[in-house]
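One structure below.
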Amino acid sequence: MTSQQERVGVYVCHCGSNIAGVVDVESVVKFAAEELKDRGVVLARDYTFMCSVAGQELIEQDIREQGLTRVVVAACSPHLHEKTFRGACERAGLNPYLAEMASIREHVAWVHSGHAAATAKAKSIVSGTVERVLKNEALDAIKVPIDAATLVVGGGIAGLQAALEVAEAGYEVYLIEREASLGGHMAQFDKTFPTLDCAACILTPKMASAGSHPKIHLFTWSEVEKVEGFVGNYTVSVKKKPRYIDEDVCTGCGICVEKCPVLVVDDNFEAGIGYRKAIYWPFAQAVPNLPVLDPDTCTYFIGAKTKDKGGCKACEIFCPTVPNSILFGQKEERVTLKVGNIILATGWELFNARRIPQYGYGRLANVFSNLELERMCNAAGPTGGKIVLRDGQTAPKAVGIVHCVGSRDRNYNPYCSAICCMQSLKLAHLVKERSGAEVYNFYIDIRTPGKDYDEFYQRVIDEGVHFVRGKVADVSDVPLGPGEESGKLYIQVEDTLAGLQRRIPVDMVVLASGLEPRHDSAEVGKTFGISCSTNGWFIEKHAKLDPIATMTDGVFVAGCAQGPKDIPASVAQGAAAAARVLSYIRQGELALEPVRASVVEEQCSGCRLCNGLCPYNAISFVEERRVSEINAALCQGCGTCVAACPAGAIQGSGYSNEQLFAQIEGLLREVRHETEVV
Amino acid sequence: MSAAAVSVSGPKDFLSEVMAGTPGDNRLNHCIQCGSCGGSCPSGAEMEHTPRRLFALIQAGQRETVLKSNAPWYCVSCYYCTVRCPQNIHITDVMYTLKAMAIRAGLYHDAAMPGFSETFVDYVEKYGRSFELGLATRFNLRHHPLSLAGMAPLGLGMLKRGRMDLTPHRIAGMAQLSAILDKAKALEGATP
Amino acid sequence: MKALFYPGCSMQKNARPYLDSLLAIRADIDLELQEIDDWNCCGATEYMSVHRVAAHSLIGRNLALAQQQASDSDVLTAGCSACYLNLAKTDAQMREDAHLNATVNEALAAGGLAYQPGSLKVRHLLDVVCHDIGYAAIKARVVKPLHGLKVAAYYGCQVARPDYDGRWDCHEHPTAMDQLLRALGAEPVEWSLKTQCCGGHMSVIGPEVAFGLIRRLIHGATQAGADLVATLCPMCQLNLDAYQVEMNKHFHSDYQMPVLYFTQLMGLAFGKNAGELGIGKEFVDAAPALAKIQAEAPKVAEAKRKRRPKPSDGLPPPRME
Amino acid sequence: MSDSFEPVIIGFTCNWCSYRAADHAGMTRTQYPPNARLIRLMCSGRLDPTFVLKALADGADGVLIAGCHPGECHYLEQNYKALRRHRLLQRTLAQFGIEPERVRLAWASAAEGVKFAAEISEMVEEVRKLGPLNWPARPRPLATVPADIPVLSEVAA
């Protein structure tokens, strides 16, 4: 048997006490050295941290000096350090694919507490891995070329940053934005915490740069419909929704918007507290500087649908361009793009506070969301920056800001939305500054872990903002006793520090609604081949060591699409994603795991069973030779055809039948022995 | 910390005891002290300790303070705290557990509260049905003799409108019910 | 439809009008009720405070009898919120907690009974009326629509909470009774206190707490412009109606807010006479409010002609969407 | 050895979801019984039915096949093939007198460590109730390719 000629080294990691605290590492080493000796194990060692430089050098040294031909590292999950140990082997001159990891941390020490049972399981896993590695073959990584163009999805601050970084490096970027303008949520804000910079002042220059950058190709009012291919070589289909505007002709003069007689509530940019026309600017500094027509509220379109004849057409009548920029007949378009990498920065949505009926949002006139208040504070917003009640005039004398609305609550979202504490402090400051009102913050915990954040909290305290520690129970417009004034909103709360139930009368309530994943994040994830956490955020490749890449090579995440975060973190992640993409582009080609299927033609009976199984259409039938053939460039290595071939004619490199059978035998080693004894 | 503040039984024991006495996955150990229970409670203003505070005291092992508190007795079973609790703690059920524990330990501070419950239970155990007139009269005689006169118009009004019985009604299967309740109490005594 | 029926102690006497009106309308809505023979008290909120397992066993006897006597319906309905909740709670907790299930069944065995949790569907009467009979069927039976009557639908606590079986659209602002009232031709008012507490047993053991809560509800209904409050629970009715008088004394106020059962309003809309429905037994006289019922449907204020909003209108109004 | 029977389960997991679900269980320290030993495949679609037969023949008392949730397969839809093969396997094994509960199919995403742990816990209890699987009666010597195990050509697709 080949195993007799192979020289296997087994390394068992303590991982500090992570593994050694549960698994008897010495006993595992002894098992490998003694019991697996006849299976080719020539040495077994343990070490505190195998992944450390010293640990890796240990392996390298043994390969060189002891002539190891196979390596097994029993440590953490291969998803964490497989590359590390393969690298060590390669440096010592051993083909990296002759090393395997046995996961005894995630799959043993962290999930079991009985020492004996955990140690026994660790031994089985080591035994299985040894048997498997004996059947491993030396492989070469697959090299794929990287298309230098990059797709960035989402034109908020994270996507803008990513797009600009890649474009500045000199590569083409396709920037796709679902809305009619770049900017994202940040464009809605007035000031940004903790420095109180004007959001527009720092955002709009970036929007303008992206809009005019020769390397950035802007697709606003557009959505990605389909993604095919793999890292380095993606084909993306983009749907451009009709704006009913000739983008090439329109000068952005705005006469159409001025003349449009239809005014509707703007639920989008103005968050429901302002109006827009049926043909409208997304907002004043929109990029691109083009209006968009909403066919659902436009008199012409409604007329055309219901009475077979349009009306109005004021926009077209008054449009000064030749030819006319209004195109009532504009249709959806589809564009196909070729890119090498994708950065997803699709952002977040606001928690709908109507889901918490006791807070009265949507029912009580003077209960607002934090986003509505952002618009109210904004000088370009519907109130010109004045803090007023629903009547549009009266300034509130007392304002209550309710924290954790829909966040840290198992009835809604269990996670902390991370930004609302600071946003609420900022709003408290702005309300106080603009209206002089008494401001109360109702909080469970004030979370200010960013740079200069707690300093801002101290400043707001100094400004005289009140803080009540308690999750608000309800907001009501009905006084409880004869002593309570009518016409107020009563915030009922337990002041947990005083140990009292309090009812605090205010004129306005602001709900610090949390961040939620986009409603269609699961679908979007599916389109790009990545998955969402149970809370709906895109899952990064590794929570700590790789919060930028995803499980799908060549697809990166940035900004709140990956989880709630503030502006600096979004910008940093956008830039980081760009750096990762640039590194791929500069490499020119990428080494992929050599896990691929291939047909052994002599064994192929030409039954074609495999042909229809491949999701990538990598298998075709060669008529002349009456055999099936696999295109290695298209194959992604799932192995379905390998499993399906009735003649066993398809080989799966890295996951061959021989490897897997051997692993099964190894895992069941002690059971087999027991039954033999019986 | 003074010696008196340290619980004899150890904090965890009391928490486990309360949790074990409350059915299902009651999650009492997950309290984050947010106060949405105390804020939501219709009688929270009258409680010596809000539910939130009680839960902290339970975690701190303050058995006597907790079982002496009037708070569980002021619970009106409106379940606001339960449905609003961000940690899904079965707060109302915990209040029932505390009341039963307080009676068993003889630690309730104002006999009126458990007195009402116990009077009610007496009637149910004797007749299988509740009996409002008897309940109100006996309860008030025992605990609020002075207010009896004040409530008389209401009682008279009820009688006049045919909304109150003068005599209690007894169910037919009283023996069966007694057997069930006796067995249940024996089993309840056997398990914590 | 057919359902097993648990009347509960209150319906026998203090809430007799509730039972009378239910019996008066059941044929109209094609609801066949089979009373559980020899049922016992559910223990209200009191028994559970003293002996938990015995309380579940007390309730368990009712469930066991119902299961035994059930012929062609597995729906068990109760009109009293506390009775409904107790039956639902024992069923739910026996389902969730295997130990409790075993203990209660051991106790029941001492009386020769057994209950299989989950074998009955415990439902409040309003749930059966709104969701099984349905608004359309009810509307079809209306002969004297309650036009012009403004009603505050009051659900109290224990129907919509904790809602073990997910029967209600919302724990805080359910809408079933509002829709029912609309089907009867009445106008449900929008108010914040639909499921706030009526005071429960605090009216007996701590009246001052109860008076505050009762006042808030009565004030809230008055502020919302209601002519009367519709309720679905004997305890709520007792506290809001009988104790309203005491509350007025306590606060030196003069609220006059009648409180009727939803079944009584259904009966009126179905053309029954007031006496048959037990109307007149309430402490706060409902007659002046009921006199507002008009023969004709009030003209719905003509939908305001769409006009362009102006800045003077203020911000766009809040919406529930 | 304790007197109670401790079943041995072989679990086939996919690289993208279920193996990572097991990792996630580790990261969140979600405890489950130590009876399952996992094998990583790239995709549950790689599961050759003979792997299952081999595992049962070599002494496993049960086999868990775990993949991405339907519709979430990293390779688009290959987990549906695992689903079909699982059904056929259960039917085939029934003919050998092997209870269908011994071959369990589960879906778990990379974020579902708790679900993955629960699947294993449930399965261990189920198989514990069934008792040891002594099939085939005599164990094979180590390192032989099981040539006499039928190749299920009808299982292929």
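Going by the order they are written in, the chains are A, B, C and D; count residues from 1 in each one.
Following the convention adopted for this analysis, a residue touches a chain if its C-beta (ideal position, glycine included) is under 8 Å from a C-beta of that chain, and two chains touch if they have at least 3 such contacts.
Just so it is clear, the structure is predicted and the values come from calculations on it, not from any experiment.
Between subunit C and subunit D, the least number of touch steps comes to 2. When every chain is reduced to the mean of its C-alpha atoms, the one closest to the centre of the whole protein set is A. More C-beta pairs touch across one of B-C and A-C than the other; that pair is B-C. Taking each chain's centre as the mean of its C-alpha atoms, subunit B lies 24 Å from subunit C.
Centroids of subunit A and subunit C (each the mean of its C-alpha atoms) stand 47 Å apart. Between subunit A and subunit D, the centres computed from C-alpha atoms are 31 Å apart. Computed from the mean C-alpha positions, the centre of subunit B lies at a distance of 50 Å from the centre of subunit D. Shown for subunit A are the residues in touch with two or more other chains, namely 358. Residues of subunit D found to touch two or more other chains are absent.
Under the contact definition stated at the top, the residues of subunit C that touch 2 or more other chains are 171-172. You'll find the chains touch as A-B, A-C, A-D, B-C. Listing the residues of subunit C that touch subunit B in their complex gives 9, 12-17, 38-41, 43-54, 56-58, 60-61, 82, 85, 93, 96-97, 99-100, 103-104, 106-113, 157-158, 161-163, 171-172, 196-197, 199-202, 204-207, 209, 213, 242-243, 245-246, 281-283. The touching residues of subunit D, when paired with subunit A in their complex, are 8, 10, 16-17, 19-20, 22-23, 25-27, 29-34, 37-43, 45-51, 54-55, 58-60, 68, 71-72, 74-78, 81, 85, 109-112, 117, 134, 139-140, 142-143, 145-146, 151, 153, 156-157.
Across the interface of their complex, subunit B is touched by residues 358, 404, 408-411, 444, 469-474, 492-496, 499-501 of subunit A. Subunit B contributes residues 32-41, 44-45, 49-50, 52-53, 80, 83-84, 86-88 to its touches with subunit A in the complex. Subunit C makes touch with subunit A in their complex at residues 170-173, 190-193, 212, 215-216, 219-220, 223, 251, 253, 308-309, 311-321.
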